[in-house]
């Protein structure tokens, strides 16, 4: 069965004032339906840029130089901008690292969820709000109404991230990209969020592309791992194979650090 | 909210008190006293007249006594009478307020209505022709001395082309015009003054808006908005603009005191009966009650303006409103 | 015993927004007691808001405690500012951006007149060598270094005046795992070489397990458990400790 | 001519209009139009006795009348008084008031109004600057409704001219506090014009008084616009925004000889009623020496100052009077410009350039002094700079200090704290200059601040006040003129001419000694040239 | 330098003007105060490239000497206001609480007064020579820099490298001089260049009110004001000084913009 998402030879350059930086130098990866894939790598390895390139929401200086992003056979990079609107949020959704800074500080949580629902599913405002509150309950937020009307700075990191997940799943995407969603959270809350994500994946059914530098998490939730180093995928395979028999020196370095201070 | 405002008002009292003391001291101790003589000295004006004036205006009493007398009157909200023509100071100020506030409000309106869209367009088309054009305009307008610009524009538009009236607020037979014509007449007279007085503001606010929008567009929550598939327009006008407008609200609040600050030069060139002129003439003639009234009024407005700016900022930015 | 903290407490006023009541206060530290043995590493673990950073700052005298006392054993700590140093979490914030590395290293040397002016360059390059950096770093500015390198420079600066006790407030938490591993080794090496005593604060249990001799678990400003590292990880006494361990596995 | 006019008024309005139409061709004057002039400052108080600033004085002068006024040849003639008699050797003046005169609110004008005005003038609570002359009156008595008898403590010649002071209506002001009454903003007088509208700091509009006792003025409205900036006034002139305005020498000579101005305006160059002088502090030993003062006078070329500063629109001043006044002594010759004699005179007084460093000294001290003048008067500052350079030529170092007006009065003039000042006097029609030159007038706040004392001048000044006969007074004041010029207490510099421009649609404007405004009520504008006609 | 056009052009303008001011006596064709009663109001011609004024004085020479006055008024006035602002601002920022409240309240009081009122009050006591004008403008415009520096120091004080310095045992004075001020100097410099522009404008407005530099000493401000009455026939006396002020302020604004780019 063809994979949900297939990335071929993706290259992204950064045009800075006086020099060009090759952030992504030819990445190939696949994500099948309902599969959890981890994209592991240290800071500066180009993992975040790769995921942002998939739906072309790159920062200004970045330019996609080469490659294809096939989503159910259609190449995202060739699509006209207007056509991408329905894909972003509708087919591919994102969760980011610090929920507080990735949520608009002057809009309520409810408003930020509702606007996506209205835009994608053309619902009336009242209907959209009901659906929004239901989404918050779905991500196990007890006082859904209070949170619906609160602002991001009034909620804890964990609560904001739950709201963020609700927002991402508002339009039932088939691929959820999570970029280090729990790195800035406390250990206990991190565990809860990971548990929530896996449960929702089973219940709702979507593929998960999980980006992290923490191999403990990678081992816990993923079937397959891609290891990125300096803009290239240096190794990929089933999770257990990578842990047992890492081939690339950087993977080995990662595994060694994991065994030393990564796992308990 | 209320106890915050009360706290701020209580905070104001010392400032206003300080202002009144400093200004009373400055104007009383500064050399030069009130005198009715014009610069063309008229020998017919007798000498005792000056003595009578000094006695009438308590100028012969020591400074601190006079200050308390003034304070006592202020407590009864009586701002006293102007030395120059003995009219109540409050009336003299009130009759000038509409002109000064009117022009300042108009130019503030022009500034915010024009500068914000200009700033947005310059930001969204960064580096484009429009952006560089507005940048050059802003720089030049920031650097041009306002009264020099006024003189040149007057020479061009009023004398050379004759399109605009030179000075004053109304045409000669304004009182006999029908209402509509009256409105047009005043508007016609205000074109040049409002333009000249809003030029600097336009430059500052459009540059400020441009950098504020550019900064907002680089914030992380913009990626979230894009990731949700929202169109470019919504991302710009709902997410970025609302955050970018926050500092502008403060700027608007802070320019409230300016509303009452008439510019002396401006009003004398365009012969507009504003507060700037009144204050300058009062200071030159050492008309103490009038000076004190305007200084305290100005101080009250400055402090009130700061409060309004803070409150408006809080109303607009939820991060400050609730913790 | 190098240091003893007795009933340290500290409250912070909370800003309840511009219009809320200003009087509400949260508890940062609530009667914290512990003893620190010389040449050992005390690990302090707790989630954000548990008061571990506040404790570090109180120990360094950067923030005054509301009540309680810190007694130093003057056999070890004779000159407080010289003998006790701190390393912060965010490497991008703990070096003066406008100052060359050479001058940053000279600061402690000048303040405590560790050596005469002409020997300072030598001393500085020796310090850099100790933390694994070369002389080229001298003339460059902090912005020209990676996070890991900057943290090494901070360590060099802390060692400049020959401290006895180093308080490490999440020193490696914001770095990549591989670099965290290397820095941990450096800390261990330095502790032996200079016979130092550490207070190592982290929210990462595996890092604490790796380096700490005894561990202090904190929650909402109170010490929940204080035990030898081995005992704590095998047989956690407090319920909260068990929860933490469970979540991390 | 007056009687026929009055009867016309009683005819119903419509008929009157008809008569005008028929009368127009017969060379009779047309009514209507408005004259727009500008003032740098707004009026402050329109009660004549309180109007100390020039703007207020001008406006109230059109709304009120005094008992007497000056005619075109600067002689006193009757205004509200038809005639007057001087009795008991000048001790008593009896005024016979004009009959049938009405206040602008219809009430009749009587002697009671004159008595009321007099009482208010000497009332200490009324802040009038002009009380001086009236305090010399021993008693004033309204013999009947139209006769007033004024008795002086001693003969006081200037007393007659003082009755040029406007008379105020008793029935409107009796019992009111003149300093604060609203009357100052809504005056009611007997004069040719009525206050119609006063928009503060914008404009004051006067309408013609149909029942004016002489005759109804031909120009319906006199509007004064307040324009604080001189250059803005001139700009308004260039677009016919104003009908009349004063001009600076530069504007008069260079900026108004354009086709536009020749087509629409008439220029007037009239003798001024002022003189500018450099006053020495006579208590300063250097200036106490008359030879030094005369030497300084010779060192400065007044002609050059007039050419550069006034562009020739002025005359060299030789004393405290203006040439068109009968008191002026035409035999007094200006000393002329002679630096050589000036150096000689200075040497005679002991001032020589001993170490020939270019500056003259005496007993080791260089001749150095500071000239103080006031801010805001460009002509005085330019004059000071020219004097500075001329005195440099004879080795005297003069510094210029420009000070703000009210500081100038209180810190320098009142305190006599100056070495030399550059100032000007406006010269009233009445030649009595007792207050400036009499040695008794040197106390604080009084006008003989240079401290001038000349017994003969003192005696003549007192004499000039007692004598009523103009011939006799002329002889006295001409003598005073000679004596003062010889003493050189002031270096008399120049009298600047009053330059003005008037729109040429106004007819019957004849410049005389008293200027052009004396017959303002006669001015008229032919109907087709009228510019500001509004439907009443 | 090339990649920062604003700074380049700004410095070019100001250096050219400073040179003119410095070598005024050498390059000025005439003595600025020599009165020539024959040459009144001559249009720009070979002998007088910028024409002559109402007293027949050569405009070019007066403009050159005027540059000296206007520039020095701007620079010295801002020097005083920055110095005062630096001292008061850093005390308020660093020592906080009472010092902060006192200094800031005093600034509030001073800000309530219209500038020319403060200036008039001082000028009335001390006659308006050039130096007094500079001092007065300086004394009445320190509030802006003080607030700016206080804000900078308040934010810097919390930064960790200051805490580290404290931990090292550095004295307050050392921290202020070695660390706080160098880091705060960037924005202050920008504020200073804008301040100079403001001071030059203020001097010309003061001349308008008769309070500026007193004739015969030429400053662009008082040349411009004297030209008001001859605008119609002698346009050059109004246009050139105005242009000179415009270009000078433009130069300083460019430098400010350039500096902003450098300090980021």
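A, B, C, D and E are the chain letters, set down in written order, and residue numbers restart from 1 in every chain.
Here is the rule we use: a contact is a pair of C-beta atoms (placed from the backbone, for glycine too) under 8 Å apart; a residue touches a chain by one contact, two chains touch by 3 or more.
Every value quoted in this text rests on a predicted model; they were computed, and no experiment measured them.
Trainee: Looking at the contacts, which chains touch chain B and chain C alike?
Mentor: A, E
Trainee: In terms of CA centres, which chain lies closest to the overall middle?
Mentor: B
Trainee: Of every pair of chains, which is linked by the largest number of C-beta contacts?
Mentor: B-D
Trainee: Averaged over CA atoms, how far is the centre of chain C from the centre of chain E? Could you give it in whole Å?
Mentor: Here chain C and chain E have centroids separated by 48 Å.
Trainee: Calculate how many whole Å lie between the centre of chain B and the centre of chain D, each centre taken as the average of the chain's C-alpha atoms.
Mentor: About 39 Å separates the centre of chain B from that of chain D.
Trainee: Could you work out how far the Cα centre of chain D sits from that of chain E, in whole Å?
Mentor: 45
Trainee: Please work out the Cα centroid separation of chain A and chain B, and write it as a whole number of Å.
Mentor: About 52 Å separates the centre of chain A from that of chain B.
Trainee: Any chance you could list the residues of chain E touching two or more other chains?
Mentor: Expected reply: 124, 228, 231-232.
Trainee: Can you check the complex and tell me which residues of chain B touch chain E?
Mentor: Answer in residue numbers: 14-15, 18-19, 22-23, 26-27, 29-32, 139-140, 142-145, 147-148, 151-152, 155, 159, 261, 264-265, 279-280, 283, 291, 295, 298-299, 302-303, 306.
Trainee: List the residues on chain E that touch chain C in their complex, please.
Mentor: These residues of chain E touch chain C: 159-161, 163-170, 174, 178-179, 182-183.
Trainee: Which residues of chain D touch chain B once you look at their complex with the stated criterion?
Mentor: Interface residues on the chain D side: 34, 36, 41, 44-45, 52-54, 124, 127-132, 179-180, 184-185, 197, 199-203, 223, 225-229, 231-232, 235-236, 238-239, 241, 274, 374, 376-377, 404-411, 423-426, 428, 433, 435-436, 441, 443, 445-447, 532, 534-535.
Trainee: Considering the complex alone, what residue numbers of chain E touch chain B?
Mentor: It is residues 105-106, 108-109, 111-114, 116-118, 120-121, 124-125, 197, 201, 204-205, 208-209, 224, 228, 231-232, 235, 238-239, 242, 245-250, 253-254, 257 of chain E that touch chain B.
Trainee: Note which residues of chain B are touching chain D in the complex, please.
Mentor: 31-53, 56, 81, 84-87, 92, 95-96, 151, 154-155, 158-159, 162, 165-170, 172-173, 175-176, 267-271, 273, 277-278, 281, 284-286
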